[in-house]
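What follows is a pair of complexes built around chain A, which joins chain B in one and chain C in the other.
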Partner chain A sequence: MIRGTFLKELKELTRDGRVRISFIIVLLLLLAATWISKNQYEQTNEQHHQAETSERDIWEGQGSKNPHSAAHYGTYAFKPKYPLSLIDHGVDKFTGTSIFLEAHTRNEAQFSKATDQTGLARFGELTPDFVLLFIIPLLIVFLGYNAFTKEREMGTLLLLRSQGTPVWKLILGKWLSIFLPIGGTVLVLFVITGLVLSNLKDFGVFQWDSLGMMSLVYMAYYIVFINLILLVSSKVKKSGISLVISLSIWIMACLVVPKAASNIAESTHPYPTRQEFVANITKDQQNGLDGHDPWNKQARELEQQVLKEHGVDSLEQLPFNFDAYRMQKGEEHTAEIYFKHYNYLKTQFEEQTGLYRNLAVLSPFLPARFMSMAIANTDYATHWDFADSAEKYRVELQAFLNGDFAENSSFGEWSYRADASKWKELPAFEYDPPELNETVGRNGSNLMILSAWVLISFSLLFFTTKKL
Partner chain B sequence: MYKYNFAYEFKSLFRNGWIQLLTILLFALFWFAFSNGHEKVAKRQADIQAAFDEVKESDQVMLKLLDSVENGLSVSASPWTIPSRPMAVGNYHPRVAAMDPGQLAYIATGQSDLFSHNVKPTTSGDDAALNFTEIINPVQQLFGSFDPSFVIIYLLPLIIIAFTYNVLSAEKESGTIRLLASQPISIHSWVLQKMAIRLFWVTLLLTLILVLVLFLTNTAGNLMELLPIWGICIAYSLFWFALSFAINLWVGSSSKNAISLIGLWLLFVLLIPSVMNQMGSTLYPMPSRTLMVNKLRTIKAEATEKQDEILDNFLRDHPEYAINDPNQGRSFYHRYMASQQLVREELRPVVMEFEDQLQKQQAWISQLKWASPSIMVQQELNALSGTSTKDYENFRKQATGFANVWREHLLPFLYNNEPFSSADYENLPAFKYQPLESKGTSKTIVILMVMGILVIGIGYLRGFGLQQKNNLIIQ
Partner chain C sequence: MISTDNLTMKYGETTVLDKLNLTIKPGELYCLLGANGAGKTTTINLLLGFIKPSSGSAIINGLVVAENVHKSKKNLAYIPENLMLYPNLTAVENLDYFSGIGGKSFKRQELEAFLEEAGLQADAFHNRISTFSKGMRQKVGIALALAKNASVLLLDEPTSGLDPKASNEFGILLQKLRSNGVAILMATHDLFRAKEIATHIGIMKNGQLKQEFVASEITLSDLENAYLSTMGFKEMAV
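Coming up: the complex of A and B.
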């Protein structure tokens, strides 16, 4: 009977002109979106590669100069794009792509794509994640809203009941007739994307298991929608009402809850403004060691301490350049201040994430969206990870430069110039995104909530529907 | 007939709970959205105020230091931060260039979550480095804000669709259409009357709720300020009612109507905007920011190498500075500011390229926004709120201009080797934001109404056709 129901439903769906047209439109949209994304991805990667090489050339070719001038001259860390960003663009267009690494200051990523776009972009962009997360659930609504109501309206429900078929078999048949076409198509598209990605040059860290995990997330998301829509259809008498309720579920889950969540998150756990943030850092810096300022109180203390440690009575007698040493200490101190303040930002961010997670109880969209972004390495946590590793590199860069300055010059020798070949010795910045198991571990709760959605919606559908 | 229709509709809408539901729904949505909007605006104002307060505080310190210096006292600050040096004033005591929210800023978040509303340009900063962005969780930008503009653009049409999709089909499905057909009124006029009655209710409720919410969320609210918003809401509603009218006559069963209407909603609200956006950025592609960084670096590197030469040229171009300084004392800043000037000039075309492309994209959208009423409404609400792309471009332009004013004000001190004194404090320039005027509202409202009337005409066409063939009942 499961097979019978399944085949009958499938036949009916393929005969329905609306379903055929919507299915074709969704497929076309998805293909167009993927094609656009692929072009963008290749272009961005090429520019990234070009920028990175040329920045390295600029760094290496800066000629003979004082290491501290080189520190102010600085260098850039560019954020790479990862293969799965082809499917889910995540927050990438809102986060900057390059971080300037210089002495004394931790800078933030600059130049987000969104600031270079018009207000129209805020309606949403034609990307695969847009189709996968918004349009396909809507397609599910159209496919499933009348699964039971039409039997009721046409009177065929009586016939079905008279055959003595268990209700769950009927439900399963109908369930499969929606899930298999949707799931099958999406799976095929994921496999095609995988093949395209593994054939792109520079495909870097593309891994099939990440893609597999991502497709599982989407399958779970669609299963939840199918369960909910069928549940509505089985409880309601008229197709029209069933459609309106199903659409309201879609609107709530995909549009209203995420937006309301973002407002609530922002007002309950606000970020400081840039102005406030910078002012707080400056205040802490004024109370601490200023690497440039020998007259500063902390600098004097450091001087006494170093003199005592080396058992000498003047800075000139030290085996290294004390100016550079003090600058390095100042740098370490600044880095600590930045660490403290960025940690505060991070706690706010984690509180906000927790809030989104709690609100995921209201919408399966939220855990699916967060999981998908995380696997694609386009989520906010990955951006933090990138920014942190750029900061780590910046601190190492300062130590490298101040170290050279301290070792190869004597106290007061500001005219010291490091050799032009020195800059090559600095290892280039490299960033490895988190591995799949790390991402999954970090998103354990999202995974759990999504699984809970699947289980609860299944049990609601199969256990509360005893009679049709 | 009209009177009966009206009384009957009112009774039935009231008895099946539609009016009550509509009231609660509209009230809850608008109230939440208005509160969110006001919260954002209040935060924006507080942030701007905090920036001004900070400057005030740092000015007190500056004046105290100046006073000590002028009285020959020794000061404990690092020598390069002492404000008798003009560049210390320029870099450590910058002024705030703030973009004050307009009266209607709470209506649409627009681009306001992407940009900062106050910047402090310094004398040695370059224009490309002036940071106009704010620290924010990008997830919030991705999801967008639940503001009045979201309720109007996205949800209002959906509510109207739910309210009207089965006006005709319900009669067909319950069999009462045969009774109606025996009445001395054409079916399309009858549907139009039913629609008009529902439009009347939506208009009335919207008006009452907008007024109520205005006073609940903003005690200083001025009714007149809401007039353009109200006009747009009504014209946009009219369009969706008209669409529903046409679909009711052209399509058939309730579910087919609903699917067609949702399809159109998807088309106007999501697909046309995203396709247009895609086309805009394909036609006028943005240059790469990462490559811009490279260019910037190369230009700066060249300028640093030739600093002395640049300063010579600069002084040749500005003899007024060279003459006044008999000792020709040259410090780091003399060379640096001269080379920065050159860097800025060379960089301007690179930076302008981005603004130009953005302007071209915006112009392209303005030409084609008629393709979707939702785009028209979004552009109009953003413009009224002062949060559109154009408004931020305007602010960027003014702030960059002010950066120049600030620099030009302090440069003479530097090159004349004149100390900055407490007497000069009074003359420091201040920034005043000049908002853009939005003038297109009535035009947008008229166009939306004309579109609505055209769509009603399309519906009527079908109605006449059905009448002539006499097949409305059999259909």
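Coming up: the complex of A and C.
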């Protein structure tokens, strides 16, 4: 009976021209978006590879020079493009692709795609995540809004009821007739994407289990939508009313709640303005050790402390170059200041994320979106992770350079030049994004909320619909 | 077998069916006559379990319907006034689906045989229902009763809106089912058709069964007079 209802519904859907056309349009959109993303991914990956190689060549080829000059000369940390960003672009467009690593300053990621775009970017882009998160739920609305109301309006419900059919079997048949075509199509596209990714050269950290997890998240998201739309259709009498309510659910879940959640999160846990942030860092720096200024109060204190520790009377008697030592201490102090202020930003970000997660009870879109971005390594958390890794590398880079300067020269010997081969000793920057289980663990609450949406919507559909 | 035992239905203070007692044995075709609001459709809805009686019981093949809503429908077929089927499916597909959810499974040839037996022309078997007339849809309903091997058939004004030829064909089909031992209850306004095909006739008014006849024992004009006088149109009775 469930199979019979499923096959009947499927026949009806495929014979309905509107449904056929909508389905084909969505399929074409998804294919086009995937194709565009694949090209972008390949192009970006190639650019990333080129930039990384040439920057390393520049670093290694800078010749013999003072290590502190090399510290100011700096280098770049490039953010890798991850394979699943082909499906979910996340916040990649806004976060920047590279961080300039230099002495004394923690720079932010720059060259974001958004800054290269014109005002037309406000219209958005055709990406797979746009189709998966917005368009497919809309297709579910159009497929399911009249699942039960049409039976009422056509009068077939009377005949159905007279057959003594348990209501849950009818519901399940109709549920399958929407879920299987949607789920099947999406699954096939995910598999195709997986095959494309695994056959690309230099496909990075692509893993089938991440793709599998992502597809499960989307399936859960669609299940919630199917349940809600069928629930509405089973409760109201007219298709028109069902369509209006179903569309309202879509608008609320996909458009209103996420935007309202952003506004609430931003106003409840605001970030400082750029001026405030920079001013606070500058203030702290002014009150601390300046590695470049030997007359700075803290520098004089450090000098006295070091002389005492080594039991000598002058800086020239120290077994290392005190200028380099002071610069390293100044660097460590600056890093602490940056750590403190960026940590505040991170705390605000985590508070905002927490609030977002709480608001996820209002819309299945939020947990699905967060999970999808996290698995694709295109969420803010991954960007923070990358920025922290780059900062760690910057601090290590400064220690490497100041260490060489301190050990191989004496106080006041600013003419010291490190050998041209020195720069090769610095290991290249490498960043590995979080593993899947770490990502899933970090998003446990999103997973729980999405699961709760699935269970509650299933219960509402099957346990509150006893009679049609 | 169909029976009702003091079957009563009230909506608030209004009694729409008042202690109805009916028995329709296998091979009998009982026509319930009455004006709109007499309680005919309520009786059928109670026998189908669509609504629960206020008191008394509706019984199908020995099963109290209110207590066996799904089970009582196993060998029951129902044809409403306007039998609606899925317009985008063919006659065979509709029959396949409805007999399937009724718990029966048939091969395509068997389904075609039921449709043929119900009098549907062969070239319409694989046409979509959206192209069917009401008479053709009613035939699919009969085919469903045949496919379900129903021992009970409930019909709610099935011939209303049918042209005389289609109505006559439908009557012949019902006769055929009756002679096969099916117990049939048909609510209708059509006195002529009732006299022609029924074995028993009842006249209802205001939720009460006012008169009952054995169809073979009454003439059409006597039935007409009885109906009109029951309805309160004594001056029109001959």
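Just so it is clear, the second predicted complex is superposed on the first by the 468 of 468 C-alpha atoms of A that agree within 3 Å, B and C clash if a C-alpha of one lies under 4 Å from a C-alpha of the other, contacts with A are read in each partner's own complex, and residues count from 1 in each chain.
The rule we apply is simple: contacts are C-beta pairs under 8 Å (C-beta built on N, C-alpha and C of every residue); 3 or more make two chains touch, one makes a residue touch a chain.
Note that the structure is a prediction, hence the values are computed from the model and not measured.
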item	value
Touching partner for A:Val361 - first (chain B), second (chain C), both, neither	neither
Chain B versus chain C as contact partner of A:Val312, first or second or both or neither	neither
Contacts of A:Ala260 with chain B and chain C, given as first, second, both or neither	first
Partner chain in contact with A:Thr165 - chain B first, chain C second, else both or neither	second
First (chain B), second (chain C), both or neither touched by A:Ile192	neither
First, second, both or neither for A:Gly240, with chain B first and chain C second	first
Touched partner set for A:Leu180, first chain B, second chain C, both or neither	neither
Those residues of chain A which chain B touches in one complex and chain C touches in the other	none
Chain A residues touching chain B - in the complex, by the definition given at the top	18, 22, 29, 36, 47-48, 50-51, 54-55, 58, 62, 73, 76, 78, 90-91, 94-98, 108, 110-126, 130, 134-135, 138, 142, 145-146, 238-240, 243-244, 247, 251, 255-256, 258-263, 265-267, 270-277, 279, 290, 292-293, 295-296, 345, 349, 352, 356, 380, 383
Residues on chain A engaged by chain C in the complex (per definition of touch)	1, 4-5, 7-8, 11-12, 15-16, 154-156, 158-166, 169-170
Residue ranges of chain B in contact with chain A within the complex	32, 36, 39, 43, 47, 50-51, 54, 76, 78, 110-111, 114-116, 118, 120, 131-146, 150, 154-155, 158, 162, 165-166, 169-170, 254-256, 258-259, 262-263, 266, 269-271, 273-278, 280-281, 286, 288-294, 297-298, 301, 304, 354, 358, 361-362, 365, 374-375, 378-379, 382, 388-389
Complex contacts: residues of chain C adjacent to chain A	48, 50, 69-74, 76-78, 80, 82-89, 93, 96-98, 100-103, 141, 154
